[in-house]
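My questions all concern the structure below.
Chain naming follows the written order as A, B, C and D, and within any one chain the residues start at number 1.
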């Protein structure tokens, strides 16, 4: 199992394929295994790097500790150092996009391209209170499911994929009853509370792709309009018929947008 | 206190001003008192009729009983009969818009104009599961607040009106701890579960105004696009910078849209 | 025929109904007669004032002269003075909305409400060059029609109302062959070239309604987003399925939006 | 100079790089040379094939002849045959996207991927009349420029790139005075008049990417919503801040969207 140590904690990662490195960072409930269907597509022309954040998947659990996104930024930096990579294209969805963005403003020289899906520049009052709802529901798997899951899908998808969602409900409710998992989820949720990069967006120095989803009700379109207005070399795309969990709702677009932008030559197309 | 009886249950209502009758129906957490700031504007050229649904405000509580929207449709019909009115303009927001729509398809001859704000044609899987989250959170005032309240506002409003929202939180959490109130909320929420008018929309026969809000994350824009596509004489307006609670976020537009459309002469402007 | 003199030029106007005065200003190709289908609705609760700008309808032609919007602003001021009115609600569409806005920033004390449909804050390079296309096509009625007319309608409307549009083509092409009419159109078009109120929007002091149309390809949505962002007490509404000629495409909404906002009581609904 | 013969007419084409073939089809005013800035990016992982349609660039002029899109579809088929290619990814912008779509419904077995930028399924009354405006303006370079050019850019781009646009105006007006060029433009414009694939969209059998631009005023968003609703395996992306000439306004996105989707592995990401 490929791992490295960071301050005595083990971090799990995966490397797939060859080429310019592309780090793809997990959303809050995800782990490396969630990317299984995307590995072939995203490693075709790039070296795809996946990593479990602290409190995710096979990486160390942080029981009893509090932390913020900064520690996950260090996970990404150490991953690149561990592999002797000077820089990479860094992509992420939701929680992972926030860490990706903080990595890019902290280590601009290590960031070749930045790809942000379902991202926000800050956890405001509104998103913070929604996070509190999740934590307050964490005593019951059923409550946690109903509080945290429907909102991350578009109504259309939730309806058309009802059988898939019902199956997912059966898988997730026991997971949400698991104190280890839900404890980690609470800490991860708490780690976003202080997140605020609004004043540092001008520190992004690489070409950036921001992907919005029209039915994203956790990080709505306006959040990405803010990013697009404040990041210098920013390219903005909107996916209709898609909620916050864009990787599930529009997997082909998810993969081709990342692959296309990660592979973009340094050529300046600007007229 | 103006009330009438319906099958032995008392219903509270209010009548303000003179003119063509305009019934304005409450959202699920509201009661007649919620409309206080709107009364002057909406009764200037119309007779404004407000009513508490069963399980709302000063109307009868339905402890131990289950029901669906149909019973609230009867509340509206009995209100008009009680006042010897043959028809009215019927407007509603959210829960109230659903009852308004069901009234219009059931009693088209009693509906002169229909105004639907933050409406949907049916409670689908997605909205149904969100309703379940509310009910599952009903054991704690704090959990209920965080589960049910942020989502009905746009992030911008929630942030800009933070002091107002914090004050509201202080008022609402004790209310959500009140077993009588929360029991009524649970029953009202359950009463929406079977709601589905998708096959009856062609029965609306009067000019209809559908108002969407771009940051409505409970009854998103697509729900109203469906209504506008299936109701015959339907006029559709979109409010930017507005969440589900449009009456709080855009009160001036809320009032002027209703007043303007309710007062629309029978003249056919159609070219 | 009701007229008044302004610097030796005659101005035609109409007054319909009683109540708080509501001035409705023409688009560039329009005249008082264009509002015929709206008079009953808009004079129901207001005194509706219509006026032909210089070079429009029955008002004086400006052959051989050049001017800008400022002279039309004076037309509106003189109209109110002629009728001994201290102030009015001022509404306008397109060219008329630009004059309405310039009136409101110039005479804020005379403007009770401002209603801007299909408006822009300035004639930029893009709109200016489109105006040049119109003028360059003015040698042929057929060329003028095809250059100036389709773009002001949404494709859907143009298709669904094909018979009406074809009939309109038959009426308009001879009009566009008329040297008097087309000469006035050229001067009116030229009068917009220098229009730019971007630095004066903070001088609007009254409640303002801005109406955008999603298929407006002459003054697109972003123009009104700019207005809404820079006018202090501004309320913004978007009409889907509607092009630049909103009065023809959505007449019922056109009338009810104006009537509703013009009649809005001074009450502050703000929470 | 690489050419092939088609029914006695010479067709100019270019081939760049190696890999799975990607045909990129010109908009109506373009030719192979227009793609110069994109060649490096789009030939990095694909064999990029460019071709001048009949009446474009270095291909045969069709003086005195009338034709429709069908003949250009044959140009594409013959190109693939000439190169002994059984199939290709076919991409196009505007006029080129229409030919690409007609190619895909006519030769589904030769189409691996379909990428449609700024596309429509049919030339309706509205777009047809706009084409007529172009042709009616073809007697004057200045009139043609002002009629046909501003509308294909977003107002923002036209303003921000004013120097570039003014330079372009200097280059284009003499070109539009050239009888050979303008004659070809008229024939190309006429060739679109009968275009209508609305009833054949179910014949597209390959994964399809449809790219809309929010400020596209020639083939507005609704046209692509129609395509997305009627093509089976269709993936839809919207570019904000972009007009009809997406290749000029958003070149980096233009290139990365095509490269990403053209390279998409056959893997079915569908959940």
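Just so we're on the same page, contacts are C-beta pairs under 8 Å (C-beta built on N, C-alpha and C of every residue); 3 or more make two chains touch, one makes a residue touch a chain.
Nothing here was measured: the structure is a model prediction, and the numbers come from that model.
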Between chain C and chain D, two touching copies, which fits better, same or different residues at the interface, with half of the numbers shared as the threshold? same
Per mean C-alpha coordinates, the chain lying farthest from chain A is C
Any idea how many Å lie between the Cα centroids of chain C and chain D? 37
How many angstrom lie between the centres of chain B and chain D, each centre taken as the mean Cα position? 48
Among line, ring, star, complete and other, the chain contact graph is ring
Could you pull out which chain C residues touch chain B in their complex? 37-38, 40-41, 44-45, 161, 164, 207, 209, 214, 225, 228, 235-241, 248, 250-261, 263-265, 267, 269-271
For the complex, which residues does chain C have touching chain D? 124-127, 129-130, 132-133, 136-137, 140, 142-143, 146-147, 149-151, 153-156, 158-159, 162, 165, 215, 217, 220, 222-223
